[in-house]
Amino acid sequence: MPIRTLVWGENVHEQKNKVVAENYPDGMHNQIASLLRQDANLEVKTTTLQEPEHGCTEEALANTDVLLWWGHAAHDKVDDAVVKRVMEHVWQGMGLIVLHSGHHSKVFKGLMGSPANLHWREAGERERLWVVNPGHPIAKGLPAYFELEYEEMYGEPFTVPEPLETVFVSWFQGGEVFRSGLTYRRGAGNIFYFRPGHETYPTYHDANVGQVLRNAVNWAHQGDRQAHLMKAPNTPVAEAIEKIEERGAKLSAADHAGEVKS
Amino acid sequence: MPIRTLVWGENVHEQKNKVVAENYPDGMHNQIASLLRQDANLEVKTTTLQEPEHGCTEEALANTDVLLWWGHAAHDKVDDAVVKRVMEHVWQGMGLIVLHSGHHSKVFKGLMGSPANLHWREAGERERLWVVNPGHPIAKGLPAYFELEYEEMYGEPFTVPEPLETVFVSWFQGGEVFRSGLTYRRGAGNIFYFRPGHETYPTYHDANVGQVLRNAVNWAHQGDRQAHLMKAPNTPVAEAIEKIEERGAKLSAADHAGEVKS
Amino acid sequence: MPIRTLVWGENVHEQKNKVVAENYPDGMHNQIASLLRQDANLEVKTTTLQEPEHGCTEEALANTDVLLWWGHAAHDKVDDAVVKRVMEHVWQGMGLIVLHSGHHSKVFKGLMGSPANLHWREAGERERLWVVNPGHPIAKGLPAYFELEYEEMYGEPFTVPEPLETVFVSWFQGGEVFRSGLTYRRGAGNIFYFRPGHETYPTYHDANVGQVLRNAVNWAHQGDRQAHLMKAPNTPVAEAIEKIEERGAKLSAADHAGEVKS
Amino acid sequence: MPIRTLVWGENVHEQKNKVVAENYPDGMHNQIASLLRQDANLEVKTTTLQEPEHGCTEEALANTDVLLWWGHAAHDKVDDAVVKRVMEHVWQGMGLIVLHSGHHSKVFKGLMGSPANLHWREAGERERLWVVNPGHPIAKGLPAYFELEYEEMYGEPFTVPEPLETVFVSWFQGGEVFRSGLTYRRGAGNIFYFRPGHETYPTYHDANVGQVLRNAVNWAHQGDRQAHLMKAPNTPVAEAIEKIEERGAKLSAADHAGEVKS
């Protein structure tokens, strides 16, 4: 069964910056989509910030197995209701792949519970990504390392939670390192952060980057949504699995009324 | 040097429910504080929801090494600005211990990036907490397991991220299990979630619970705040550690203007 | 492409104990294999302790994608050379699923670097396995919990390393809990420990257990062996990726001669 | 109470190689000890491979809270009985800090359950260690990064298990990266691996390296030994915490006789 994949592009610098427009004449989202389509099992759509509800309507997300997110200049233009909706779909099992400057998106910071800060430099320097976890599905088919001759530098400390696993670590020409490929799960949803992707450089024309993205979509996909994870239900005493007697004092119904569990 | 500890109590059911008031005539926060004061190295203050800024002013937090948080009925009464302030202090290094129904507090859900749901039953049943990580500092001095004869049940799945380490797992009389002691780090701040503590039962009069809380404060304390973690600074090319030449295209200053990095 | 799966059975108590023989007239390994064969994509073979090299010849392992290991009474009868061979295949990418009393096998203890102790009781008591990680591939298609009416109890602390992820936690009738489904990676090889499976009870006739095992084989499979992970090669200065000059003092060739790196 | 710290040095190249002898006229172990003694709370002893039982007698280890291990040329000269003894003390709570080429020691490989391979180059190149986990106790008091002008290169993949936490990541002049500071727990014992320390360079004269080692000893220390973790005891049915009736078939005493649980 095909994996329904949605690429979300901010699509701002493509419209304003000549170099970015030349790199990605159809927009970054469409170039990312073309990398993904090299895997015949991925059914790939794209959408952008400029669409109604940024293209992330309830219906669109309900029909998405894995969402990719690239944003940079307009994080604060993303509506909070859409951010909440994306997070809720992740918690129920939608996969999410966050790209490059998406580390500062509301969606990623919200799911990490962290500021996701770092230090950075835009100088077209060489980045070399080392596979530190060669058995991980996201590293499948890659060489021991690969290089991006022109990239923006991101330096540690990257203030994100300790990941489930670290897949890539980057070396930068100017002397920094960065944990470039990190996996997480939030609720039932798999999340992968992948560092490269500065818009003024041709990163999404790189074959190894394409391989990583295809691997990541396959890894992140995990099947049906689990809506029950969004609830905190009461289990009545009479339905306890092992028979128990109710004992001790209870909160009154009125006291429970103030609680947020539902 | 003493560890400056602040106990935050919601202080709602103590004022409305006769049983809770009898259990905790001085409020739950003060009883928790009295458990902590058995460690002479802890300098313990308390505050409540009802105080201005819920007692979590910038000054109060700046003078806190470890914050304990108990809330249940009034999570949505906690001001978002205070929630943000608490999270920012955690990211910079303040320790945080979240108790029982605090799993649904805005602070905890925000730091976990997860709904932190579970299922529950208020029947005064027996809970038995097993130490699954006997080398962890939070388990120090505890027996192999300890029991709370009357507790609310919380059942899995608990939708929180995989922890750094699982310290306790609970057995419940009615047939459920729960990961009852979980550690996390967010930014530079240590976080410990500890499950027991339903307000209609005498949990905070239990000696083992006191031992866990004192251990947890000592574990969570990590020294000074690291304000630099709140920033994502640019490193100018001229200041690169290893000498590099600027290459390739750059975003214009105008393009950078829209970014949130600061 | 089918997943080449090998079930290793100790096959001792089936030959000596009437109840075990009645439970598993073809041996436990063959019953486990029949559960796996319900997944048409698994190509399943079996072997036992009694075969030459315990059926784990270099050729047999080289043709195995995922190995399942059930042992109990005869851990010390397993030849150290075979143990080493199995571990080396795991490090290069063979998946491994360790069942029940296999926690004390040389293979598992060797891969964990831990004694893998626990406490236990053989009383035919009820075990209830809760899914604590509902988004994990190994939990796919399972209910919120499932029960085994007759099982041996294993109690915490289970002295194994903190896992990558905890998938199941068990409740026992006699009052204990146990982390029953744990994932690890060693080198490029995925490892899953699954607790149930005492030989005097009909555990491997249970449908949910079958589902877990099939899920686990699919999860553990990761493709080709990575032989290069068994080496620690020197990278000559002249072949450094970034041009460097050799500086400082070096060990002589004679000094290097004593090292084990190769 | 002082932390009883034992520095184990292989003490081979100091005796054979002129440069090493000049770097460390009293042996590497004594120079490491002198760094540790800058913390008045550490009570530091040293021993070497050449001592009876390599200085790791039962009595010596029983009186050690944290052991540091530096070896390189003579890993295979370390007696297997001593290796087993060290591992058993770690499992019961002794802290262990493994230095540089100790990655290939029997003790470390045994505790990791992994080959702990890497690739390497001895060219006196620059290493820069970045703190990626600024809230970790082992990073306390360190700058954002520190440099060692002359070091041996170790490159990824480092075939060790995913750590509890990654504290340092190294940048190398020749283009490689390495996860240089990794934490683990095995049984009740804390383990820290720290990469730098090649014997032909003056690494153990560096102030930041000294700070890391002192921090690591303080972090790894966790108090008393837990001998019970070395056993897998039977819990008789009559002593079950919750009253249960024995049911179903059991293994005979004779069948149990073959098991290794004790």
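Going by the order they are written in, the chains are A, B, C and D; count residues from 1 in each one.
We adopt the following convention: a contact is a pair of C-beta atoms (placed from the backbone, for glycine too) under 8 Å apart; a residue touches a chain by one contact, two chains touch by 3 or more.
Please read all numbers here as calculations on a predicted model, not as lab measurements.
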Greatest centre-to-centre gap (Cα means) from subunit A is with chain D
If you tally C-beta contacts across A-C and across A-D, the winner is A-D
Dist(centroid_CA(subunit C), centroid_CA(subunit D)) in Å evaluates to 26
When centres are defined as mean Cα positions, the distance from subunit A to subunit C in whole Å is 31
Note: subunit D sits from subunit A at a C-alpha centroid distance in Å of 36
Flagged in subunit D as touching 2+ other chains are 128, 133-134, 155, 157, 162, 164-165, 175-176, 185, 187, 229, 241
The answer for subunit B against subunit C in the complex is residues 128, 130-134, 144, 155-158, 162, 164-166, 169-172, 175-177, 179
Listed in rising order, subunit C residues that touch subunit D in their complex are 12-13, 16-17, 19, 72-76, 87, 91, 101, 104, 110-115, 117-125, 150, 153, 155, 157, 159, 161-162, 164, 173-176, 184-187, 199-201, 229-237, 240-242, 244-252, 254-256, 258-261
As the complex stands, subunit B meets subunit D at residues 93, 128, 133-137, 140, 145, 164-165, 185, 187-190, 222-223, 226, 229, 241
